[in-house]
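Lettered A, B, C, D, E and F in written order, each chain numbered from 1.
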Amino acid sequence: MQLDQSTIYSAVADFLREDLGRGDITSQATVRGGTRGRGKFLIKQDCVLCGLEIAEAVFVVLDPDIRMEAYHYDGDNLSSGTVFANIEGLATTLLAGERTALNLVQRLSGIATLTKAFADKVEGTRAKIIDTRKTTPGLRMLEKYAVSVGGGVNHRFGLDDGVLIKDNHIALAGGVRRAIELARQTAHHLLKIEVEVANQAQLREALTAKADVIMLDNLKPEAVRECVKMIREAAPNTLIEASGGVTLSTVRELAECEVDLISVGAITHSATAIDISLKIAPI
Amino acid sequence: MQLDQSTIYSAVADFLREDLGRGDITSQATVRGGTRGRGKFLIKQDCVLCGLEIAEAVFVVLDPDIRMEAYHYDGDNLSSGTVFANIEGLATTLLAGERTALNLVQRLSGIATLTKAFADKVEGTRAKIIDTRKTTPGLRMLEKYAVSVGGGVNHRFGLDDGVLIKDNHIALAGGVRRAIELARQTAHHLLKIEVEVANQAQLREALTAKADVIMLDNLKPEAVRECVKMIREAAPNTLIEASGGVTLSTVRELAECEVDLISVGAITHSATAIDISLKIAPI
Amino acid sequence: MQLDQSTIYSAVADFLREDLGRGDITSQATVRGGTRGRGKFLIKQDCVLCGLEIAEAVFVVLDPDIRMEAYHYDGDNLSSGTVFANIEGLATTLLAGERTALNLVQRLSGIATLTKAFADKVEGTRAKIIDTRKTTPGLRMLEKYAVSVGGGVNHRFGLDDGVLIKDNHIALAGGVRRAIELARQTAHHLLKIEVEVANQAQLREALTAKADVIMLDNLKPEAVRECVKMIREAAPNTLIEASGGVTLSTVRELAECEVDLISVGAITHSATAIDISLKIAPI
Amino acid sequence: MQLDQSTIYSAVADFLREDLGRGDITSQATVRGGTRGRGKFLIKQDCVLCGLEIAEAVFVVLDPDIRMEAYHYDGDNLSSGTVFANIEGLATTLLAGERTALNLVQRLSGIATLTKAFADKVEGTRAKIIDTRKTTPGLRMLEKYAVSVGGGVNHRFGLDDGVLIKDNHIALAGGVRRAIELARQTAHHLLKIEVEVANQAQLREALTAKADVIMLDNLKPEAVRECVKMIREAAPNTLIEASGGVTLSTVRELAECEVDLISVGAITHSATAIDISLKIAPI
Amino acid sequence: MQLDQSTIYSAVADFLREDLGRGDITSQATVRGGTRGRGKFLIKQDCVLCGLEIAEAVFVVLDPDIRMEAYHYDGDNLSSGTVFANIEGLATTLLAGERTALNLVQRLSGIATLTKAFADKVEGTRAKIIDTRKTTPGLRMLEKYAVSVGGGVNHRFGLDDGVLIKDNHIALAGGVRRAIELARQTAHHLLKIEVEVANQAQLREALTAKADVIMLDNLKPEAVRECVKMIREAAPNTLIEASGGVTLSTVRELAECEVDLISVGAITHSATAIDISLKIAPI
Amino acid sequence: MQLDQSTIYSAVADFLREDLGRGDITSQATVRGGTRGRGKFLIKQDCVLCGLEIAEAVFVVLDPDIRMEAYHYDGDNLSSGTVFANIEGLATTLLAGERTALNLVQRLSGIATLTKAFADKVEGTRAKIIDTRKTTPGLRMLEKYAVSVGGGVNHRFGLDDGVLIKDNHIALAGGVRRAIELARQTAHHLLKIEVEVANQAQLREALTAKADVIMLDNLKPEAVRECVKMIREAAPNTLIEASGGVTLSTVRELAECEVDLISVGAITHSATAIDISLKIAPI
């Protein structure tokens, strides 16, 4: 996916406001006005880099005259000890943006790195790792971008650009079939209908109602395999997504069940930050 | 710390906008208008609960007529399988807010739980676990609240409400002592001056310049012990903070060095989500 | 479609600000503070009513104590001379909101009425009248709602919730087939791919690339008929949309070509306002 | 009138957000990043052009490096088939802004064209065509600008920059004279007082109270003529406005009654869009 | 003039944000949650009270359950020692709003009091004290309201609701007459034209061009008297405003020159705060 | 203190919107489009200049091509008759920004000038003049900047970046000592605790509880002297602030009591505007 510049810039401005409040009093006090500095971004842990442009935006929002020179790009596999970019400008600007920039790159690189680990596990199968809406509130677009950088694919971006009928909808609509039919009447004609099924009875309803995409939720591998077989026979063009508590140890077996998509909430909700530092010196 | 209601409500409204976009098309299609539902919040992993009021705010922003009944509160240790709250209202409202509410409670409970794990490790020592500015951009106040719920204490909230002179400032100011002196001239009279030192030479300068708080950055336990001794002798009222890559395995040894505060970035930047579900049924 | 309350209220608040500026100086001057009034909404031209709730929102934003009593509802066919609602409250509030409320109801009723005229023309055929993105900037959701009230169906709501490959995309991508293939690689798996074709050569490419929906753009009825035949034979599940300068005189012939959807820009970009008045008297 | 640049830019940014949502997924998918395009704006219906700068703003908001070259200007009478401007830049930018730009130029040119038709009808009389507040909510300033481009003049811009006492005010104030007196006490000294009268009794009160401007509302031509005579005799400096359901067939007769201003709601509320296209090709 | 509620509430919310930042840490720390308090507003200097409703809004924005009981109202002359209102609610709310509320009432009462002093000086003459645009940025409407409470009248509210041709315009337009003529061509028909003149030559031009209002700028009383005579003879309906460095010692003599309006910048730009306190006790 | 550019620019944009509304109709009417002008900023009263950059920002927000040339800088003592800057650009821009720019510079120079008068009075003592939160709502940062330009120092910037326990807190907490202890438990470790005391009993409690800063509120000079003696003996590092109705006549005596800080509300709440004009001529 592509990140929209105005999305980045307006998000970053909000983030800076949160950290800066009425101003960076330590830097204003300790650094003489006009002092210029150069900072090095240093990776301290093997990772897939993600967020370079976003980090740059943090500083550019503070001062358009900042210059960043990158040696590596989003998606690169970097090993601990790599300097991936230099940045030059007013030292007070570098200091004011440092933490916000690092917080973003560390988190996004964490997500890209974990996604890559999952994607590597399923290599050679037809399955793709796909994200969920289990993203950090306020960071949906950035985190989905990190997933794509890590080799995953994106599911819908919000509740308004895709129809996904889940257990709660089924309970409230009165069954899988009824829910699918209602959705088809209302959704605009460019949207497919995906439905989550938890057992073969629900799956049969989904097939009868001609769901476009079927999500097998929280099924054991053998159950997944049977469901995949049923679907391929009944409706070979139907996409199959598997989901539910998928981990690095379980993802391969699931992929070998021949599903098309494996959604993994953990790649966004449980990625941990990559250790990255920004060392600034006067120039 | 106390969370300000208007902070919660305006953050939550932004988060909902991100997820809802032009509307929850699946729920609008599959659930008859006017259907009321009851949802149960179920913990699926032992944890310290955090974010109850914030979850409630998510639904209240969508519809003031939502009613949540809580059985447990922020800070409670819950074991997997506990239902901690029920929520009633229009089913479409419950569905529209479900993911945003869960994303928040899962993350905040993850932070509170990890903070509690660190706090438990240092029990009986004088050390307190303190957070950092390594929080998720946009969630600073919520995450700092989760730290306090988990038994940690809060460091400054932004760059404007505390003076903390770090390595980069020292490099740019031309030394520890000079940096402290400059800060004291500029900061208003209600602010203390904290300085990060990386070795005994810097520590001596900090003591000479009468820093109010000294952060021992990335020192081995034996070095920490020596520094603490030097500080207690020279300036017994000085607060001592230790920081740098602290983990659950290393925190106890550090605490036993008799420092006052141990800052742990991981409690915010590397907490993972607690598994929580919201099951909704018609009523 | 359903209109989201917060969408209505925030739009309406903007519209009021535009008209009120620093305040309604005429009403403040001429009406004694505290005077209450009752207003009658009177239709002066046969129409399909649309915008009742939106009109109410205009006044409620100004003063939550306003009470509107409706005798007719959105979608009702009303004849000239009908009073469709009464409204009571502070006279200065009624006066301040009058023009904004009328401007909205008049425009939306105009759209609903024109849509109904088109929908009536195609009755008995398989074709549905569908809207376009040729809506008034700032009123997209309200105008799409008016289309649905008038018996039309909605196309995608923006550039982000549907893939529609048009002539300009084809020119830039290097052909229909290439464009479809590129779109399928990038769009998330819940989105169908629609493509606009202007002749049989393009249609053949679209069929080869298995477009989910095909738009026949600006073709004569006989050409449409032939294309429909080709599509039904090659890919019977493909949806067919016809578009391009459709008028009340041409729509029926097009509908009889057995297309599924006929998109009509005129229902939003060229509907004219319905004459409606609000007469206010003291009570 | 002159349009303020910041008004244009902020309105246009809102309009783009409405259409783009999370991004133009079709263009991102089908057009290779970096592809540059050139678009031609083509008039497909005789019209008075209006909105050139506003269209340019749409693209400039998306990307400041866009270049538009205009061959014709706002106010020019163009015949069908005229290319009035070229635009060059990133193809994805041209595609993202296309619909919003066209929606604006089509509507504003529609208003300018209809205003011109009315203005042509009254040529040679003392009457000027003047607009009303019956504009599209959110587009007040743009539409008033289009009126001036089409040769009309502007009435007040909102409820706060002019006093216009209408039927509802008169009913609530207890008569024409009382309303005028109250308004004169309250309005600041740079504002004139206009009053709407529906018959000669009201007109006499208005003359007694020395209204600065008198609006003859919904009167037949003969009645208008008599009123004009009464006013010219009693108060020769009083401006006279005629209003009420004025059409292209009735406007001339009204103008020949020697009124100064004829207000026509239809020029804004019932103008239809001019057909204009933007054809984009790679360069 | 009347203050619009939404204007007050949104201004007050901004002001609170400025003072509160991330929260009132002193009150949160020192006052037990749930403690209720009662505060007394005490006047410590004779004054005209102004800003009661605005003070109330400060607290209501923080907590809708606050209750204020007023014993005096805007416009009342109060002597030092008067308690003009009581306020009850959560003690932390009272403390959080205290300073913002006092800052507003103190300033507005200062303006009302000074305006009253000027108004008293001109009693018995035809002159009214009128304000200027020399208001505090961000407080225009509130300060103009305070002027009206103090017995002054309001000039235009901004650059858009009145035409006032000043020395700079005259210099740029090329003379008084030309400026008036240009203004009359462009301003809408409900606006009068006021022009500032600095000598009799300019005054003659203004009379020739039939200015609706004439401002005598910075003239000595004898010169004012002569100009007034010239104007009354030539154009008896013309309003006359005198302006320029008017003080409490000079205003009476000016008023006796028979001008209609005397504009005094000092009533807004140089009013000083009235001493008012809010004493809070637990209940 | 340093003013943050983005703070200035966003404040100034709001202020312009307040004054301009829908546009500067007088200048648009009277000045030919494209006319360029040069304005001279002329001081008409001896003062300390303050607000140069802010004035420039007013014009730059309107048009980035404006050029200001300054001959004097913030903090300079200027005598009446000094031209401190020239400004060149489109004449309509100069006219549109004139009043807002002057309103700001006049007020800020007023504050700087009054602060300087107080600072001069205490020269040679250890006391510094310090501001309060008695600033104009919306102008907190600008006014605190003016204080620093005039030679004062800044107290906390809001309720969130300093702990100051005042009479109301003491009453609600149940005593000075209890309030201090509660504050120390809650405030983060970089904040000092200041407490206001009104008599020696309270002072003794404050000393027992080891307040970091003690404010002597509204005490007579002899009482202040005694308190200072008690504090210096008991806790020599404690900072001492004196406050309460300090005037130019009383400040020196207070300073000679050997307090460290004297807070003066009047420097912000009762400074009056300096007379400054902007004369614009065509170029």
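Note that contacts are C-beta pairs under 8 Å (C-beta built on N, C-alpha and C of every residue); 3 or more make two chains touch, one makes a residue touch a chain.
Since the model is a prediction, treat every value here as computed from it, not as a measurement.
**Q** If over half the contact pairs have to be identical by residue number, which pair among E-F, C-F or A-F is the repeat of A-B?
**A** Over half of the A-B contact pairs recur in E-F.
**Q** Taking all residue numbers at the subunit B/subunit E interface, are over half used by both copies (same) or under half (different)?
**A** Both copies, subunit B as well as subunit E, present different residues to each other, with under half of the numbers appearing on both sides.
**Q** Determine, using the mean of C-alpha atoms as each chain's centre, which chain is farthest from subunit E.
**A** A
**Q** Hey, how far is the Cα centre of subunit B from the one of subunit F, in Å?
**A** 34
**Q** What whole-Å value do you get for the distance between subunit A and subunit D if each is reduced to the mean of its CA atoms?
**A** Going by mean C-alpha positions, subunit A sits 46 Å from subunit D.
**Q** Distance between subunit A and subunit E based on Cα centroids, please, to the nearest Å.
**A** For subunit A versus subunit E, the centre distance works out to 54 Å.
**Q** Touching at least two other chains at once: which residues of subunit B meet that condition?
**A** 1, 20-23, 28, 157-158, 160-161, 163-164, 186, 191 - these are the residues of subunit B that touch more than one other chain.
**Q** Which bits of subunit E are touching subunit B when the two form their complex?
**A** On the subunit E side, the touching residues are 20-23, 28, 33.
**Q** Hey, which residues of subunit F end up touching subunit C in the complex?
**A** Touching subunit C: residues 21-22 of subunit F.
**Q** Spell out the residues on subunit D that touch subunit F in their complex, using ranges where they run on.
**A** 1-2, 4, 141, 157-158, 160-161
**Q** Write out the stretch or stretches of subunit C touching subunit D in their complex.
**A** Listed in rising order, the residues of subunit C that touch subunit D are 11, 14-15, 18-31, 35, 37, 91, 94-96, 98-100, 102-104, 106-107, 133-140, 157-161, 163-169, 171-173, 178-179, 182-183, 185-187, 191, 245, 265-266, 269-270, 272-273, 275, 278-282.
**Q** Which residues of subunit F touch subunit B once you look at their complex with the stated criterion?
**A** Counting only subunit F, the residues touching subunit B are 1, 130, 153-157, 160-164, 186, 188-192, 194, 212-213, 239, 241, 260-261.
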